[in-house]
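The same subunit A turns up in both complexes below, where it pairs with subunit B and then with subunit C.
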Partner chain A sequence: MARKHLMAAVAALALAAAAGGTASAAGKYIVGVSNTLIGNGWREEMICSIKAEAEASGLVSKVIVANRNGGPSEQIADIRNLISAGANAIIINPSDREALNPIIKQAADKGIVVVAVDQAVSAPEAYVLTNDQVDYAKLGAKWLFDKLGGKGEVVEMRGIDGVPADADRHQGFDEVLKNYPNIHVTSIFTGWALNKTAQATKDLLASGKQIDGVWTSGIDSTVVDAYQTAGKPFVPVVGADNNGFIGQLINLKDKGLTGAAVSNPPAVGGAGLGLALDVLQKKEHPHVVKITPTVWDNTSEAGMDELKKAYNQKLDPFYSVAINVPPYTHYTMEQILACKGP
Partner chain B sequence: MSAVLQFLKARTIVALILLLALFLIGIELVRPGTVTPLWASNALLFAAPLAIMGAGQTLVMLTGGIDLSVASVATGAAYLLATNASSGDFSAIALALALGLVVGAVNGVGVALLRVQPLIMTLGTGLMTGGAMIVYSQQMLASQPHVPAIIQTLGAGKIFSLVPVDLFLWIAVGALMLYGLNRTGFGRLIFAVGDNREACHLAGIRVWRVLFVDYLLCALFAAIAGLVLVGGTNAADLSLADSYLLPSVACVIIGGTSIFGGRGGYSGTIVGALILTALTSLLTLLDVAEPLKQILYGAIILSLAAAYARLTE
Partner chain C sequence: MTDVSAADSGGLVRFVSRRTRLLGMPALFVACILATALIHPDFGSFDVQSLALGALPLAMAAAAQTIVVISGGIDLSVGSLIAVSNVLAASLMQHASFGASLGIAVLILILGAAQGAINGLTVAISRIPDVVVTLTTGFIWGGVALLILERPGGGAPAAFLNIAAGADVSAWLPNALIVMIVVIAAIWLPIKLSRIGLLLYASGSDPVAAFRSGVDIRVARTLAYTFGGIACAAGGLALTMTTGIGAPLAGTYYTLSSVAAAVIGGVSLAGGRGGMVGPVIAALLLTLIPMDLVFLGIDPNYGQVIQGTLIVVVVMIGGFVTFMQERK
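Then we have the complex of A and B:
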């Protein structure tokens, strides 16, 4: 009798275990994230969009974020740790186009879906989902050079020397520049850092150098601020779709600020996860997905409408207003601002 | 020649000022017509936060220590200010300065009482502060961050569009430092502890108290520098003051304070901060590739430190 009870108990336990097993197999994935630039508003929003998408999808049991300042060697170590932690999908914002390829191949060999977002990697195993960075620069540069009537002195405020996004943008910038022989360019690296940009802009303004327009790789409102505090008349400025810059384009138009914001959504992070989850569920996707940026200028009525629609007074000046990348993301504004993953 | 060298050895500050003049000439050569009152006013504006951070660094380096948490404290103070500004300017500023006091107190306890090596202690607290700020930032995405008008005026404002407002804060800090180090008992204790800690201990000085206050002041200066910085950028991110860490040490060393403690002072740090700011400006205006700029920056700081060591030997 006792023996029978025991058998029944064991059977029940086994059944429960099996049931539990199938529940987790029904799609509780572990997601790893590797990011190597911390303290940058855009990157924070990117990570939040991954957490929000994980939450909204209901398919993810855990998001592990490896987040620190570093280069390829740190990132390789981080990805190795994420593989060991049992990640089913790894979303990376790559610090180098080539250097991560071996570790990406290792991950892919284990059946892990690797998605590079924001910047490209050349590994054929990886999925790459980025804003089209070449186009990002082309669209903004073309707007600026046309605005200047095809001639003048332009400052190109680049990002970090050597990272893929900066190289792609510079390539796009140069391609457009070839068609404008009377535009002269001075390049400066800002490292996407606020104080470096502020100091460099003020140095340029004080140097008496002729500046007719400024193209920025994203640290945009700082440039406008520097013009304001220096009491210099504004020149056309091209920036990204950062909330603070968009506010300036709307509010300082009366004071003579003209400019254009080119979209560069940090939600590529969440979109990368959306794509990874699709792939894990055996849906087909191309390996390279490029999102075409859009330009909103404050000199056209349509552009101004878009700017006003996008501006969000409650958001940090360096958070992008583009919080979704359809059809890959599914979360709400509240979910991305909550920045909580499962 | 040897008379000149003798004179410079006796008054190293003169040598530093000559060096600064050399940089200004360099800038004029690179782009003639740059060194104007407006350029000078910008240089003072940007040198001030570095020099205020350098004030704290001078204090701890005079005791033979170092504080590697200053950049994290400055960034943290700036970020706390921006994210709490909607609940009132005063409380946001108080919170920012409180961060400095808390980290400073932890550094002080670690170095003074637990005898942890200052390099390791402050490296650790710096990393902890930075990490805590990342966790905090992800709770604060929707906090309507902004920089209060008074801090913007402090960090970017200019009187008659020429005299930077932060210069007055810098002058106040400078006066306090020069008076405090040269004319007060506490100042002398800092030199004494840096010169010979054991002798101080035997003489009955409570060395731990000196060190504790020293590290507390250093972190407080770093928090103040963070407020000036965020006023200048009008937005805070979590890498705001990163690039100030090594310059905050370099301006003290260029200014002639010994890393072994006991020798130096704040007047050298003032000129050191001006030299580094002029150097940054020179490199911005120099039309060369970015890697070359980095090489030049490193090489010039190295040769300055080497030249100074020879001069003061």
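Then we have the complex of A and C:
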């Protein structure tokens, strides 16, 4: 009796193993995702873009997401688990530049394609696909300083001190600033938090300090809201491709709001998968890809067209609407909103 | 035929029911491993190595917590002590030779003993509740870890990392598992086999009775926390060994997970009861659950719910078994 059960179990195991074997023979890939910041809208959208790209490509049988709040040691364990789970490609948003290198090498030795998105890793085996944060600040700052005619008081609303993305953006901002000797800058840290940004803007407006323009590191619609609440005339504002801010650029243009949205697409996740699938199909790619942001302003006709095309009334104010990263992504708006992988 | 097997199974039931604490954990673990092999047929030696590597620091943390809890206390500074020895190891060993790194490891173990002794002496002398003392020392050492290493970094020589990585004996017996068993045995057996063990169990199960029988409770508590500190330092070294870096915030996971491992492993939070085999297996189990969730591709947002539920269920089964035994 017991023996019969054992035989059945063995047979089931063998069947399951055979099924696993045929799935990979049909050219279907398993994709692993490792992310260590949860409860963050941008990261959620990044993961959705990976699922959407997996769905759109038709090459992926399963997307496995290892997702928890943590640092490098948790991420190393997660990547090990993804290797165990049989991933053919692993997309990581790295928590550290150096710390993951040994495990990335182990994965690469097993023939797994590892793509670091959003932030870089130094492992030579990995592919790195990031938004160019230096350019992000450069493009927005240049638009703002030109808009002000090269002179005036500007507020630089930074993110979190000590975070690579913030450091890179500040570097780009400073590089552009050098060419505009008559622009004066006040820097504050917003921690990329809505409440802190709202408070800081309120304080600035109440102080009576002369402000001719505001550059933000992504918490943008909050600043415009504060101007509206205080009943002060708008000044030019630079923000990101957040849905709410884009809506303001369109709808408040009549009331005198000018501004520009600089793209920082979470779709780097999906783009990372697009790149990984290319590599799995033996297409050559450079190991480091930087995505140059685009600028959409509401003062030019072309920019206004792009803004209107991107705006979606149904989405949250902080949903990034730059959902595609050509030529790496292939999904539709519906697919990323559905957030369903194969 | 049927009679014989009935008698046999009756004997087996008696054998098992008398040793539920001893056999329950390994049985549960074997069941989980089998379940893992079913949902992930490719489960192989690499995965066994991953499991042992992942569980190594938690097993040490569980050992530390177990020693303290058996003596009737609790240690909420486990995570911070692990973080301190982790960042200290990673920053001191970065450019050291293999020999020097072993020396550093010994120094860190001594420091761990000192940290534990501070906990124990404070609890014993001041009579401030152990929860308060270890929570506060936990904050202090957590800050010290950040002072030593502001952000994840550091390193250790490759030979030091290779102690736990790989499998030199057999692909199915990873070095990490050997390190786990040897180190925990080296800490636990001297306690268990000497008078210290008796001291800890006695003061944990009934401090008043123990005191009246001539046990110095203060000595017992200080010893328990000191041995706990050594196990924490070993946990920090294990974390360096398995990740190759120091991370000042990595310890936070281990404080509550060590309590969970001790409880699942059959150690009574009231003190005086439990052994070391259960908590160590529980550490492996707690590492296996997230692995299985990844294999199953379960939405990560459900992962924590499932893990928490499993812990509650296991503890409830343990409590139920104890309840039934006590009713007999």
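The rule is short, and it goes like this: the second predicted complex is superposed on the first by the 308 of 342 C-alpha atoms of A that agree within 3 Å, B and C clash if a C-alpha of one lies under 4 Å from a C-alpha of the other, contacts with A are read in each partner's own complex, and residues count from 1 in each chain.
Assume a contact is a pair of C-beta atoms (placed from the backbone, for glycine too) under 8 Å apart; a residue touches a chain by one contact, two chains touch by 3 or more.
Remember, predicted model here, so these are calculated numbers, not experimental data.
In the superposed model, A:Glu156 lies in contact with neither subunit B nor subunit C. By the touch criterion stated above, A:Ser95 is placed in contact with subunit C alone, subunit B being left untouched. Once chain A of one complex is fitted onto chain A of the other, the partner contacts of A:Gly71 are limited to subunit C, with no touch recorded for subunit B. By the touch criterion stated above, A:Ile38 is placed in contact with subunit B and with subunit C alike. If you count the residues of subunit A touched by subunit B and by subunit C, you find the higher number for B. When both complexes are overlaid on chain A, the residue A:Arg80 reaches subunit C alone and has no touch with subunit B.
In the superposition on chain A, A:Glu55 makes contact with neither subunit B nor subunit C.
In the superposed pair of complexes, A:Thr229 makes contact with subunit B only, with no contact to subunit C. Comparing which residues of subunit A touch subunit B with which touch subunit C, the overlap comprises 38, 67.
Put simply, subunit B touches subunit A in their complex at residues 31, 33-34, 36, 38-39, 41-42, 45-46, 75, 130, 133-134, 137-139, 141-146, 156-158, 161, 229, 232-244, 280-281, 284-285, 287, 290-291.
Contacts from subunit A toward subunit C in the complex involve residues 12-13, 16-17, 20, 38, 62-68, 70-74, 76-78, 80-86, 95-96, 98-99, 102, 162. The touching residues of subunit C, when paired with subunit A in their complex, are 37-38, 40-43, 46-47, 50, 53-54, 151-153, 161, 239, 242-245, 247, 249-250, 253, 290-291, 294-295, 297, 299-301, 303-304. Considering their complex, residues 38-41, 44-45, 47-48, 67, 69, 161, 186, 188-189, 191, 193-200, 202-209, 221-222, 225, 229-231, 244, 313-319, 336-339 of subunit A touch subunit B.
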